[in-house]
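Input: one structure, supplied below.
For clarity, chains are labelled A, B, C and D in written order, and residue numbers in each chain start from 1.
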Amino acid sequence: MVVILEKNISSEQVDKIIHTLESYGFQVHKSVGVEKTILGAIGVQPDFDTRKVKILDGVADVYRVTTPYKLTSRNFHEENSLIKIKDVEIGGNQIALIAGPCSIENEDQIFRLAKIVADSGAKILRGGAFKPRTSPYSFQGLGEEGLKLIRAAADEFNLLVITEVMQIDHIDLIGKYTDIFQVGARNMQNFALIKELGKVDKPVMLKRGIAATIEEWLMSAEYILSNGNRKVLLCERGIRTFETYTRNTFDLSAIPVVHKKSHLPVIADPSHATGIRDQVPPMARAAIAAGADGIMIEIHDDPENALSDGPQALLPNTFLKLVDELKLIAQAIGRKI
Amino acid sequence: MVVILEKNISSEQVDKIIHTLESYGFQVHKSVGVEKTILGAIGVQPDFDTRKVKILDGVADVYRVTTPYKLTSRNFHEENSLIKIKDVEIGGNQIALIAGPCSIENEDQIFRLAKIVADSGAKILRGGAFKPRTSPYSFQGLGEEGLKLIRAAADEFNLLVITEVMQIDHIDLIGKYTDIFQVGARNMQNFALIKELGKVDKPVMLKRGIAATIEEWLMSAEYILSNGNRKVLLCERGIRTFETYTRNTFDLSAIPVVHKKSHLPVIADPSHATGIRDQVPPMARAAIAAGADGIMIEIHDDPENALSDGPQALLPNTFLKLVDELKLIAQAIGRKI
Amino acid sequence: MVVILEKNISSEQVDKIIHTLESYGFQVHKSVGVEKTILGAIGVQPDFDTRKVKILDGVADVYRVTTPYKLTSRNFHEENSLIKIKDVEIGGNQIALIAGPCSIENEDQIFRLAKIVADSGAKILRGGAFKPRTSPYSFQGLGEEGLKLIRAAADEFNLLVITEVMQIDHIDLIGKYTDIFQVGARNMQNFALIKELGKVDKPVMLKRGIAATIEEWLMSAEYILSNGNRKVLLCERGIRTFETYTRNTFDLSAIPVVHKKSHLPVIADPSHATGIRDQVPPMARAAIAAGADGIMIEIHDDPENALSDGPQALLPNTFLKLVDELKLIAQAIGRKI
Amino acid sequence: MVVILEKNISSEQVDKIIHTLESYGFQVHKSVGVEKTILGAIGVQPDFDTRKVKILDGVADVYRVTTPYKLTSRNFHEENSLIKIKDVEIGGNQIALIAGPCSIENEDQIFRLAKIVADSGAKILRGGAFKPRTSPYSFQGLGEEGLKLIRAAADEFNLLVITEVMQIDHIDLIGKYTDIFQVGARNMQNFALIKELGKVDKPVMLKRGIAATIEEWLMSAEYILSNGNRKVLLCERGIRTFETYTRNTFDLSAIPVVHKKSHLPVIADPSHATGIRDQVPPMARAAIAAGADGIMIEIHDDPENALSDGPQALLPNTFLKLVDELKLIAQAIGRKI
């Protein structure tokens, strides 16, 4: 922590501030300049609230100089984390392709779509059984019945399963069926939930909250890592801005930033980011070009009758054509899909 | 729902769109203008996803004309809702005053502060026993021990208790001690939690998510009301914007807007909105002047050693002086504190 | 400027960074901690681009510790600036009241409204002759004819005039008629314009850009002050956020923050902030309660036929009633209107 | 315009609203549903302020159903606009490459960099002679001397010139030297300036304001087109959001949206969007993949001593390597650089 003192501060006040910092457990270095005196406070705990110092008399400004996250940081783990799930590895040169419907609707639907996912070369099938919906009147998912269906469909086509968990008392149930837990954007700071997911032995894909800073996102990942689970995938899915012609603003600049700050892989979700079918392909291409380690795309073969998010689902043919383009872009930047 | 068709659309296409709308259960009225044809689709369900129509060929734009919330709407309940909790009533001419520490820290602390709260004329004591913290390394609250302490302190000074609930399996426990459940900003869209709180027989104060639109906030209230609990208080606590000189942007314009759209009372929380002590009094005054039905203020008598959010806590004397000013402002607009 | 070095940096690298800093003209102090080395670089010029240091090898982070504005800063001028214009003084205990129509429309209109403004006790008449409009097809103002009318109306009722200037080659013309130049939100960073306004001998009211940080706003004020004109009024008029139920988010928390950082008076404009008549009174009250040094309110006696912004104009009676309420609130916080 | 009436409105009120709409020049169609009555008001002028209707008694909501821009709209001009400048064409299958320094600093610098630009295959040289700077104390550009230098350098290497214009009285001067006028983000709504640029016979590249909606951006383009100049290039350069780890949020989703709404080409500027060198290549790649019609990249061969924005300039070798990657990505999506 660096503490900038106000001009014309008395030496008694400086001493008092130093004393307070020491009482908080810091080791203090003082630099006296012509105009400003600066204190370096070494030994800050990641949870120290710097506002405690900011409100002291004579303090002009305070800067935290250590990141508040540790295990998530690239300082802690310099190499990219490789997350292995059965025969799939995420975070290396190979870009992961995840696809499937928004919601699992019935046996026939999930089997039909699983086949398309497998045909595309993707290794992971997505589908929601418990759905977070803004409206209490919307379809809330098939529950355990849906979990059974997606597991069976995935097994039939040799795919992994990713599905969302929304509450602690569903973790065991969902864990019986899924290979990867997904935490949705709205639950990114449901600390009770993510703390528990830190104790399971399966990977967790943590979506960025719609208004979460990159730092808060990494702090939520830290909840999972610090509870013991090191298998965390981050997922960028669009942030909320003033723009209304788009549903969200897909923050692709977050990808290189996260890669610099953290060793965890980043998946991109252009379907939720854009919310509308015809914007998914350009944004999927852009995500790969920006360096995403994986991409998750919603598909449906009868989107008019989909029980949720039909308008953002790609039709099977569009999806297969897009995957071909993504392969070329991956190649252009020296990676593979 | 109003559907604007594209110029130069063929009459076959118009018929096809009308047919699709009817298949979704709408009754359709057609207005043909010189330049544009407009369809009025009557009978929309609150959970209908208008994007389903937006992606149809020949559709230029779609507008939902009914609010997606019903029970929360002032159309449904024209009078202000009065929330009665023992001898306190919120939502009428009397403005509710809620105060107390961020966290319950120990018996002595909560009793000392409860006395100050009672001295100010406030009727409700706040204090957290389970704390949502951005960092997994921060103080997470005293748990049930804290609940016992705040209940005892409140009873001693004839106050009501409000405290936060973060997970479903704590509802019963917290319900034994509190008079009002608080749902924090980060859990505003923890749908599993708020659905359960719709089934309890105690008021719930629902904080606005840091990036929640007013509409989403009212939709989350709808989750509680539609599950049976009509005693909902809304709480504005600042939204996230691009500004960095302030912690959040306190959205006081939300107060008159919510009053127009909904019958539910709105509480204002200037402590979390500003995050720094010296901005709390001006923003508390502004909230009352803007028409808030209640105000919640954090106080502490030893903020340097507070276990959480000390920098935003008012000292007892500043608090008591502020309450005097708030009384004058309430009077200026024809209300009482 | 404080420069945080990366862990495990070699001493050669540290020397190289220090050397670079010195070549930029800084005097450098080094603090070596257990984990981190921190350099204090004293003597930074206000226009130094800290990214130049951020990209050096071995640098983890950089913090500017001096504000980039000087003359605007309260450090430079500790007392509140009092802006005197004829017999009116802004920035002291008396709160300035500014009112009038959005646009000057014709002689009769501006005289009728000037009378109402004078009746309310306000001392300053607003009205636009050159209008910045989002659409090229909208009414763009009466031009010099409008300036003549507002000057005559103001003189008749012993009022001051404030009107907007949008381009450099209008400064002389407008200067012949107005007492205060207004710079609109869209021109806050029209540096060519504000530089010229730094050379005139009349006060300038600088509106905050719709997405300007407080720091950028103060930097634009610095353009005016550093060119010689010390009579600057700041005006908060709402910022752009994700919320769509309100036109802008009125950032009242900016008021106490600006008062802390700067000596310049802050005016609040609830009419443009909310954009809709019935939200103006609560937000006007809130602005006074938050500590604004002045308030600017749009009025019209025939808003249905107003040539611009009729929907946000208060009717004369509502306006006069509001002024009475504002007086009581001013009194409650020890000020006067 | 569609007008939704309130439930339980009397037929007298409906008639009064219809009468008002007709007095504004609309032709009105009425649809009476079970719950709601909807009025379709045909014939709206692009500059009509819908708030005028929103505030009428009995009106629940109002939706504008025509876009406020006309000439800019793809409805007006279905094919992509091709902007021809000498032997360069922008807006077709070929992606335009623009590169050069932030500021023109001296003869040697601009000639050295022009050579690199030409070597890369780019056809357009950028460089600022008049610089908009947040601080009045920063380098403000070489002025006409800079214009002469960039023109000479461009001619030497057979390149076109693009440079920024900030004020009306510079248009003639700059027009003597440049091939394309650039309007910066801060001047996007400097209506006086863009109106004048609508009268010149050279292309204008209009940068999106940092907080401008896509609609406002297209409205500003409309100012130029409606004054006679049809050669407008749009340029996305990042928007302001809550995120602080990035300088701006590069809104690549704007690209497909603008392509849908308008016929004008869209250039992407990853240098200003990210503000830091190592994020430029991934974002440049993403912009091409998202469908940009051109890309503008800042380069410098001595960024440590650049007079502005050195930290975001690519070194020549990095730039040349990036161009190779961009060519492969262009190829992957069926285009050329």
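Here, a contact is a pair of C-beta atoms (placed from the backbone, for glycine too) under 8 Å apart; a residue touches a chain by one contact, two chains touch by 3 or more.
Given the structure is predicted, the values throughout are model-derived calculations rather than measurements.
Peer 1: Could you quickly compare A-C and C-D and let me know which has more C-beta contacts?
Peer 2: Most C-beta pairs in contact, of the two: C-D.
Peer 1: Taking A-D as the reference interface, which entry in A-B, B-D or B-C shares over half of its contact pairs by residue number?
Peer 2: The A-D interface is reproduced by B-C.
Peer 1: Based only on mean CA positions, could you tell me how far chain B sits from chain C in angstrom?
Peer 2: 31
Peer 1: When the centre of a chain is set as the mean of its C-alpha atoms, what distance in Å lies between chain C and chain D?
Peer 2: The answer is 26 Å.
Peer 1: For chain A and chain C, let me know how many angstrom lie between their CA-based centres, rounded off.
Peer 2: About 38 Å separates the centre of chain A from that of chain C.
Peer 1: Note the residues in chain B that touch 2 or more other chains, in rising order.
Peer 2: 211, 240-242, 244
Peer 1: Any idea which chain D residues touch chain B in the complex?
Peer 2: So the residues of chain D touching chain B come out as 2, 4, 7, 27, 29, 31-36, 38, 40, 42-43, 60-61, 63, 65-66, 75, 211, 240-242, 244.
Peer 1: Give the list of chain B residues in touch with chain C in this complex.
Peer 2: For chain B paired with chain C, touching residues are 211, 213-215, 239, 241-246, 248-257, 260-261, 273-274, 278-279, 282-283, 285-291, 325, 328-329, 331-333.
Peer 1: Mind pulling up the chain D residues that touch chain C in the complex?
Peer 2: 20, 45-47, 49, 51-52, 54-55, 68, 132-139, 166-169, 186-187, 189-193, 195, 209-211, 216, 219, 222-223, 226-227, 240, 275-277, 303-304, 308-312
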